[in-house]
Structures are given as C-alpha cells and as structure tokens.
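Read from first to last, the chains carry the letters A, B, C, D and E; within each, the first residue is number 1.
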C-alpha cells in the first residue's frame, strides 16, 4: 500500500517537473519562465521527496529529505527573486 | 707534490696570478701594477731557466689534474715546449716594459694588463700542454684573452677588427675541437709523444685520420694565418702596438704554428703523416701562403699592415719546415719559430715607436726618419734584413736550413723556388722602406710629433725593447752554434723526434 | 643523515611561514633560511658522496602506502645547484627590491618556490610529483607576475595556462600507471614496469606534460616572454632552476624508471627537437634587441643541448661509456644553471643602473660596471661552452658520444649552436667594450654585484676545473 | 572489466581530449580555463573509475584521496589564473 | 542492473553534452553556468562510483566555488584577458592555416583519447592490483581514523596534503601580490538577506559537522573549509564587504594555519625522535583533528580570498559583524 502511494507521489512529482521544464523551454519571456519553473519544480520536488520518504521507511532519512526540500525551497525562492530583480533593474536602466 | 710536478704550474702561475690581481687594482695604482707585472715576468724568466736546464738533462716536469673521466689537464715540459716557453717568456718581459711605456697615459690600464697577463698565461699553457685536450683548452683561452686586447681602444674600428678576429678564431677553435674530440674517440687520450702514436692504429682508421688531420690543420691554420684563413690578421693591426707584437710574435700566430708542429711531430708523427700523404698537402698550403703574403705586403702603404702581411708569409716558413721530411728541414722550421718571433717583434716595436713619437703610420711618411730616430731605425733595419735572409742575422739561418732540408728530402724542386721568390719579394717590400728611412730627405714636419727628442730619440721604455730584440736577432744568427742557442735547441728537438 | 631530506623541504617551508608571520623581519629571516637550507644541501651532497643514495619514508609508512623521499647523486647535485642559485639570488633580491613592503610580499613566495624545487628533486612518488609540479608552477607564476607590470602579468598568465596543461597531461599519465601497476612509488614501479602499451602511453603523456614545462622546441613559445618580463632574481631562478627540474624529471623517467621502454626512435625525436631548439633559440637570441630576451632565448637553446644527449646516451652501451657521457649531461645542466642565473642577475644590475636593457645602447658598460660586465663575459663563456667552463666538458662528452655512435648531425648542430652563442654573447660584449660614455654614473654595491660574479665564476672555474667529483658522485650515488 | 569501467573510463578520456582541444584552440581565456578544468575532470573521472571495483565492494580509498587533492589544487590554480586575468583587464581598461 | 545501466548512460551523456556545450559556446557567462551544471552532474557521477568524499568536495569546490569564481570573473570582464593578442583573421592564407591547425589539433586530441582509452582498457584487463587498498585497510586501525580516505589524506599520504596546503597558500599569496581586492557586491535585497541570515549559520554548522565526521565517514577538512568559504561567499553576495574575514596580520595567520600546524606537528614529532609526520597511534586521532581544524581555517580563508581576488581592504567607516 505504502509502496503504491510512494510510486504515485513520485510519478506525479516527475510530471510536475516535466511541466516546469516544458514551460521553461516554451514560454516567451523571463518572468513567465521563472513562474513556470519555480512553482512547478518546488511542487514536483515536494511530491518526489514525499514519495521517497514513504519509500525509505526510515524516519531519520525522511527527515533529512524534508530538510533538503526546505533548503531547496528557500534557495529557489531567493534565486528567483534575484533573477527577477536583476531583470527589472536592467529594464529600468535601459 | 714535489718540485718537478709543480714547476709547470709555477711557470703558468707566474703570469696568471699577477694578471688576476691586476684586474682588481685601481686605475691609479701605477707603481703596484708595474711591480706586479715585472715581478711576474722576472719570476717566469728564472723558472723557465730552471726548466731549460732540467729538460736538457732529461728531467720530467709533469703536472696532471683530472677534469673528467678520460680527460686530464696535463702540463708537461719537453724540448719543444721549452723552446716556445722561453721565447714567450723573454719576449713577454720585453713587451711588458714596452707596453708600460706605450700606455703611459691611456685609460683602463688595469684591464689591459690583466688580459695581457692572461694572454701570456694561455700561451704558456698551450706551450706546456701535454695532450691535445689541454692544448685545445689553452688555445680557446688564448682567443678569449686576446679579444679584449684588440677591442681595447673601444673605437668602432677596434670593435670591428675584434669581431673579425673572433669570427675567425672561434670558428677555427670549433673545427679544432671537433677534430680533437674525434681523435680522442678513436685513439683515446692523445698525449704528445715524440714520434707520435697514431701509426699503431689499424689501417681502417686511416681515412678518418686524414679527415681529422684536415680538421686540425684548419683549426690551427686560422691562428697560424694560413691562406685563406688569414683574413683576421691584417685587420687586427688596429690594436695597440704591444698587442700587435704579442699577436704576431709571441702568442696567437705562434700558437697556431706551434700547434701544427705539435700535431705533425707529436700526435701523428712526421713519418706517419708523410705516409698518409698529408705532409705534401701541408707543404703546398704553406708555400701558397708564403708567396701570397709577400705579394700582398708589397702593395701596403700602412706600415703595420705591411708587417702583418709579412707575418702571414713568414709564419708559414714554420709550417713549411714541418712539411719537409727529415731532421734538417725540421730544424729550419722550428728555429724559425724563435727567429721570426724575435725579428717580427722588433719590427712592430719600431713601427709603434714611429707612430707614438712622430705620428707616422704609413710607409710614405717615413722619409728621413732614420735621422730623427736612428736607434729605432737601426733596430728596424736589422730585423728587416733578417727577414729577407741576409747573413749573419737570424733569418738567414732559418732559410739556410729550410733550403738544405728540402734538398736532402728531395723536395728542392718546389721548395727552393718558393724560398727564392719569397726572399726576393721580402727584399722588394722591405728595402724601399729602409731606403726612405735612411736616404730620403725628411718632410718639413712630422705628421704629429708626440714625444720631442730629448736625451733619447723617444721615451726610454719604448726605445730599449726594440734595441734589445734587434740585438737578440743578431746574436741568434752570430752565435747560432753556441750551446743553448735556438739552433742548438732545435737540433736537440730534431734528434729526439727522429730518435737519432 | 636521512633526515636531511625532509629538512630540505621543511626548512624553506618554515621560512615561508615565518616571513609571512613576521613581515618586518622578513629579509633577515629569509637570508638565515637561505644559508641554513644551503648548508643542509651541502650536508646532503656530502652524505650521498659518502654513503650513496639516501631515502626517507615520511610518517614511517613504507613507500607505496606512504611517500618516500629519495636522493641519489643526480638529485643531490641538482639540490646543491638549487641551493647555490637560490642563496645568491636571495642575497641579490634583498637589495634589488628597495621597498620593504615589496620584500615582505616577495619572500614567502620565494621560499615556497624553493620548497617546491627541493620537494620535486627529492620526491619518489608519482602523484606527489604532480603536486610538487603544481606547487612549482603556481609559485613560479606568482613570482613571474610579481610587481604587476602588464607584460609580466600577461606572460605569467600564459605560463600558468600552459603549465596547468602540462600538469594535467602528467596526471593523466600517472593515473594510467596506477591503473596498470597499482603503485605510485617510483622504485617499485622501476621493477614492475614492462614495455607494453600502458607503460608507454603513460610515459608519452607524462613526457608531453614535462616537455611543455621544460620548454623544448616547439613547446618553448611561452618561455621568452615569461622569463624576460619577470624581475631579475625571479628570471634567474626561472631560467636556471624551474625549467631544469622539469628536465630532471624527464631524465629520471626516461633513463631510470622507464629505461627499458625507450626506443632509439623516441630518443631521436627528442634529439631532433633539441637540435631545432638550439638553432632556433640561438638565432632568436642573436636577433633580439633586448638583453633579457636574449638571455631567455638562450635558455631555450641551452635546453636543446641537454636533449641532444638522449639519442647519444641511448646509442652508447650501458657501462662506463654511457656513465661518462651522462656526467657530461649533468655538468652541462649544472653549468647552465649557475651561469644563466648569474647572467640574469648581472642583467638586472645593468637594467637598474641604465634604466633599460636595449643591447645597442649599452656602450661603455665595461667601464662603468666592470664586475658586472665580467660576470656577463664569464656567463657567456659558459653558454658558448668555451674552456675552462663546465659546459666545455659537457659538450666534449656530447661530441665524443656523437662521434662514438656515428650521429654526425648532432655534432654539426652542437658546433653551429656554439658559434651562434658566441655571436650573440659577443654582440653584447662588443657594445659593452664600446667607448661612448654611459648615461648615468653608477654606484656599485658589492652585495649586488657579487652574487652574479660568484655564480658565474663557479660555472666557469668551479665546475670546469674541479668538475671531476661530479662523475664520482653520480657513480657513488647511483 | 565492468560495464561501468568502460563507460566512465571512455568518458574520462573524451573529456580529457575535449578539454585539451579547447585549452589549445579557444581564443578566450575563460573557455581555455574551463577547458583545463574539464581536462582535469576527465582525469579525475578516470581515477575514480579505476578506484571503482563494482557495486557493494569498497573502492580504492587512495585514489579518492588523490582526486580530493587534485580538486583543491585545480581550484587554487583557477583562482590564481582568474586573479591574473582580472588584473590584466583592469589595466587594459585603465590604459 | 539495467536501471543502473540507464542511469550510467544518462550520466555519461549529460556529462559529455554539458562539457561540449560549455566549451562550444562563445558566451562566457553561458559557458560558466553550463560548467557549473557539469560539476553538479559530475558530483552525481562520483556518488554513483561510490566516492562520496569526492562528491562532497566536487559539489562544494568544483561546482560551487569554482563557479562563483568564474562568474565574478565574467562580471569583471576578466575573460577578455589575453584576447587582444590574437589578431583578427583577414588574409585568406592565414585563415586556411588556422583551419588546418584546428583540424590537426582536433585529430590529435581524438587520437589521444583513443590511445588513452585503449591503454586504460589494457590496464583494466589485468588482474586488479589491490595492494595499496589492502595496505590501507590493514593499517587503518593504527591510523587514528576509520574513514580510509581521511586516513590516506592525513596520515599515509599526509605529505601530499601538506604540499597541497602549500599550493593553496601560494595561490593566495600570488593573488595577494596582485593588489587590493575589487569592490564588493551591491546589497541584494531583503529576500536574499533573509536567506543568508539562516543559510550562513547552517553552513557554518555543516562545516563543523563535516570536519568532525571526516574521521569515520565522508567529510573532512577540505569539504568543511569549502563549506565555510561558501558561507562567506553568500555573505559577500549579500553585500557584506569583508564578510568577517580579518584583515592584515590576523589574515596571514589564518592563511598559514594549515601549513604551520602541519609543520609544527611534523617537525615536533621529528624532534621527539619519530619520523616526520609519524604520529604515535595513540595520538593519531587527536593530531589529525588538530591539523584538520587548522587546515579548514586555512582553506576557508584562502578560498574566500580567491573569491575576493586580492587583498581585502576594510570598508570605509563601516564596522562589520557576521551573523
């Protein structure tokens, strides 16, 4: 049962990743690409990690995985902000 | 280390050490420098005196020092080296006195006398070299020590002729080195032994030996100014007169001629050289040089240049004597090593005196100089007549033995004509000079009178050296049969070479 | 006695740390370190001549698991040369850099360079050699750019990139060796190595890297700008030592560790490259307008002679004949090291006094700076290979070996190269003897002029007249 | 010889060649430097592949240690090169 | 097994394509970013090949710090250096020459790769020679640590590590000698500040952990030092000028800490009659930790300096504190 849940979560996580990546490639400008990438990837990673955490059945490892997710969330939030800020500044300068 | 093993080193050090000290002397310390120079030269005369006595009585003076496996620095006194050493030593003493007078007020004297002593040390080393390796070392050192002397004045012409000198001698040195290494590879360390050693090598090496002989002769021929390798010598006459004297009589040219004698007699052996057919080749080269040099001398108005071409011609008498198989020819060649040195140094001293005293550089300016400077001109005349071969001056003895040797060796057919032609030419380029000096009326003023006539016709240090060497030239002819005379010594060398 | 090996590395390294921590006292500390390290090098030389080769296992771990330091006659001689050159250049650098702040920044790098030179000459482990090569390369580059002049920084950057490329090639070879033989220890490897693809590919890769570092033609192009634009003491050490130790490593690999692999064709290839280096380097030295470039190009040429020995040595039968020729190689390398360092130091003085190093405007140097000019002349004697320099003995052996093995081409090249060297040296001396007055009246400081004079005198008279012990040492420390 | 051996081994060789080519031919410093780093990565990959003995078997720690050392050395060299380059461009811009 | 094979192929292909892409582009920034990605994939490959120590170091140093260094270099236009030396190609002959050269080099590189691969294959085909790995495990018990990689780095081949620290020191001194550091970064704004505020302590903590854990598990001074340096890089990117790095003399002390501790231990043992760096087994663990701590400081200080690109200059008038 848990195995099935884990697989389901993993697969849907990969699906979000795929969507985010397609968005990155297909969307027209920087802001919308950023939009696609951060949201989809953060969610995708969350699902992936949830799946993996279920899969391991070890609390310590599961906690470490969650920690990774949190770290990536913070990093991607900050970097998305920086990228957007940089792009804004460049626009207003020119 | 006993005395016999130290003596060659001491003879070398008696000029080397003063030379090295002189480099560090201040320009102004004139007295100390003169003292060092003369003390070194004097000490060398004494040491060489001991050496002459010892070699005559079959002492062995031998210094060895290993530089690398199979490569030894050997200083060894045999009859031939003693002959050359004594020539250099005596003439060095005289030339030092002359140079002190000549360079009285010119700059950079410490540098000059430093290299001057190095130059003589290299010559002594070369004379005492006991094997070809050592000979090559001192041969190259001689080049190095002479360069600053030729370039000494620092003028563009001086630098140019120094450059030409280097081009010739370093090129020659490289060829000599190649030959020496090659010989070393096929025959091992080549100690100089009377009669040579190479005849023992098997026949298949003869081709290589011929090639090596050619390389050695080219290498030595540059310094000996064999045509067509003589080009540097006339150029080098821009050097100060004492340097010219050194180049022409004591060191450089002689080193080449001495090397030829060494290689033929003590490396290859004169018999073996003859068997290889190399002796005739050397003789032809010498003959061409003798005639060519004399011809060129005819047309030179510059006195030193005329003397330079005369050297080209005269030095090859030594090579010619070497090329004549048989003891009498050998004696003629070897004794000329000494005779030419004494006579030619006199001529250059005199030429230097004319230039320093009266500013005379050209033959055409020499009218009547005999009245103004009789002693110098007398010395000049004795040496010039000796060069032509007028008895009883030294030059006559050399030519006599050369001619006799050629007859004995059956080479009279071409050697005698060469001797006759060259003597005629010698007369043709020297006699007009003497005529002008003694019999023409002097011009109203000398080109540039630097030294006024006072007690002597010129400065004492300039006057005595040519007078002394002219006296020596006369004595060498007059007392040729006396014991320890150059002729007797050459006879001793020939006896040992031919094991008579 | 084996502790001297580790002291040779630890001492300059500790000196580097001390100069960094006590910048005010850095110059005396550096000088004391230099003297002490030279004394240790002398001790090692003596020990090797008495006891034969020495080894030291660091940490007490046997070689293989741990790293061993080894010193035989060859490395002891090169260590001694390094010590002499570094000592003389240290004394010189103490006055060359006039600002105390510059000196304080200079000494740590300088002593680290010394550390790396000693470490390389002593290392008996392939990977450790890679690390020492990198330490050597980086400290050399940092010193080459020292002072921050544009040309120097530019040349240093190129030098660094090529050096890194060389190190990477070397490391690739090392990894192949470990894959094939499971060891990094040179002594173990010497016994294990066989003529097979793994070994010769590894040797080819390592050699390619080292050839780049030792600047053999046609991989020499980085050398002249880097050596000519650095400051004088640094140029001296770069030309005399840094390229030389890379060459040492090549010799170690070709003649020692991988000796069974080397074919006449491979050695001949090195010989051809060496011949090209001699001719091209000398020609460029003859054409250049600047004295420092002349010296740098002459380094390219002189390294060529060392490579001519490879085909000659291989053609000689193992035994006394080859050992004698090998001694010629070593004495040539030693002479060049001392002479070239002295030459660069002397050029540095001329450059500081006259404000430039243009050859055509150096007239009168002989009058103003007689000792320095004399040092240049002595260095010239050694570079041409005239007697009584050690190079003369070396070239004699080279020629003798070529004659004995019938390799005529090398004879022609050696002679031609020597004549070209004479041409470029006497071009300089000709101007120095010229009569025109020197631009500025100069004050000579003994501490500045002596190092160059002593180094060149050692190269000429020391190695030339007392060079026989070199052969004995190579024999006893084999 | 494991599959991983030849797969990663060949990749290491290819990376080495790729990096070498760029380091020799590219005319921009940065790419040349990256090329050298890629070369290094190739060599390190070869070393780590040699250390690998297969799944579940302890690999050779010596090679891992060597690569660690190599990485630090490479980054030091890169840093120095970049500092030199920065100095050059700063001076070019000034002059 | 096939899943593993797929992973292997994917890893290898992405490595090769990332490297190619990074080297093929003429856009410096793009090249650097691709190279960083390459580094991350390489770290995965290290993990795959059971080299977690190397993976950690690669992620921290190879991808992280090298990337940061390269990116700031791009910002400073440093990639333009050396470019002016190559003249633009006008003549046809020269263009042809250039093409020929490129082809020759390319072919030579391919040949080199082939030769290397061939030789490597031969090496693999021999019986595996495990003597060194066996020697390591045989002596692990007396090495003072239980992580074999740390044992090799700080005990068996500690001399390599000493020289490696000397290399780092040399690079730092070389950078020092080139002049003062370039100006810092503009403050990045509140969001990044917020990130830095909890990231930096976390990194420092991680560094301490890595240092301590290195004795028996993947980790050690290099990974720890690099992590510490990463913390400083984050601070500098957030606009802190000197990131709490001491200036002047204290900085020197930090830079040479590793080398001097190594030397002190090594020479101290030598004086006590043991071999250089020959730790007595009982003290080995403690001495190694001591050396590693000093090494970590030195590595961190050096890497930060490298990122600065010169001597740090104190900010005018602003006293700074790290969080």
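Things to note:
Everything below uses one rule, namely that a residue touches a chain if its C-beta (ideal position, glycine included) is under 8 Å from a C-beta of that chain, and two chains touch if they have at least 3 such contacts.
Keep in mind that this is a model prediction, so the values were computed, not measured.
Listed here as common contacts of chain B and chain D: C. Once chain D is excluded from the assembly, the chains that remain, linked only through touching, form one piece.
The chain closest to the protein's centre is C, with centres computed as averages of CA atoms. Counting contacting C-beta pairs between every two chains, the top pair is D-E. Among the other chains, B has the CA centre that is most remote from the centre of chain A. Centre-to-centre spacing of chain B and chain E amounts to 73 Å, using the average Cα coordinate of each chain. The distance from the centre of chain A to the centre of chain D, with each centre set as the mean of the Cα atoms, comes to 30 Å. Averaged C-alpha coordinates put the centre of chain D at 11 Å from the centre of chain E. Among the residues of chain C, those touching two or more other chains are numbered 127, 131, 134, 138, 141-142, 145, 148, 153-154, 157, 172, 176, 179.
Counting partner chains per residue, chain A has no residue touching two or more of them.
For chain E, residues touching at least two other chains, in rising order: 81-82, 116, 120, 123-124, 128, 130, 132, 136, 156-157, 160, 164, 167, 170-171, 174, 178-179.
Touching pairs of chains, sorted by label, consist of A-E, B-C, C-D, C-E, D-E.
Chain A contributes residues 71, 74-75, 77-78, 81-82, 85 to its touches with chain E in the complex. Contact residues of chain E toward chain A in the complex are 188-189, 191-192, 194-195, 198-199, 202.
Residue ranges on chain B touching chain C, taken from their complex, read 23, 65-71, 73, 107-108, 111, 133, 136-138, 140-141, 143-144, 147-148, 151-155, 159, 162-163, 166, 170-171, 173-175, 177-178, 181-182, 184-186.
Within the complex formed with chain D, the chain C residues making contact are 127, 130-131, 134, 137-138, 141-142, 145, 148, 150, 153-154, 156-157, 160-161, 164-165, 168, 171-172, 175-176, 178-179. Against chain E, in their complex, chain D makes its touches with residues 1, 3-11, 13-22, 24-31, 33-35, 37-38, 41, 44-46, 48-53, 55, 58-62, 64-69, 71-80, 82-90, 92-93.
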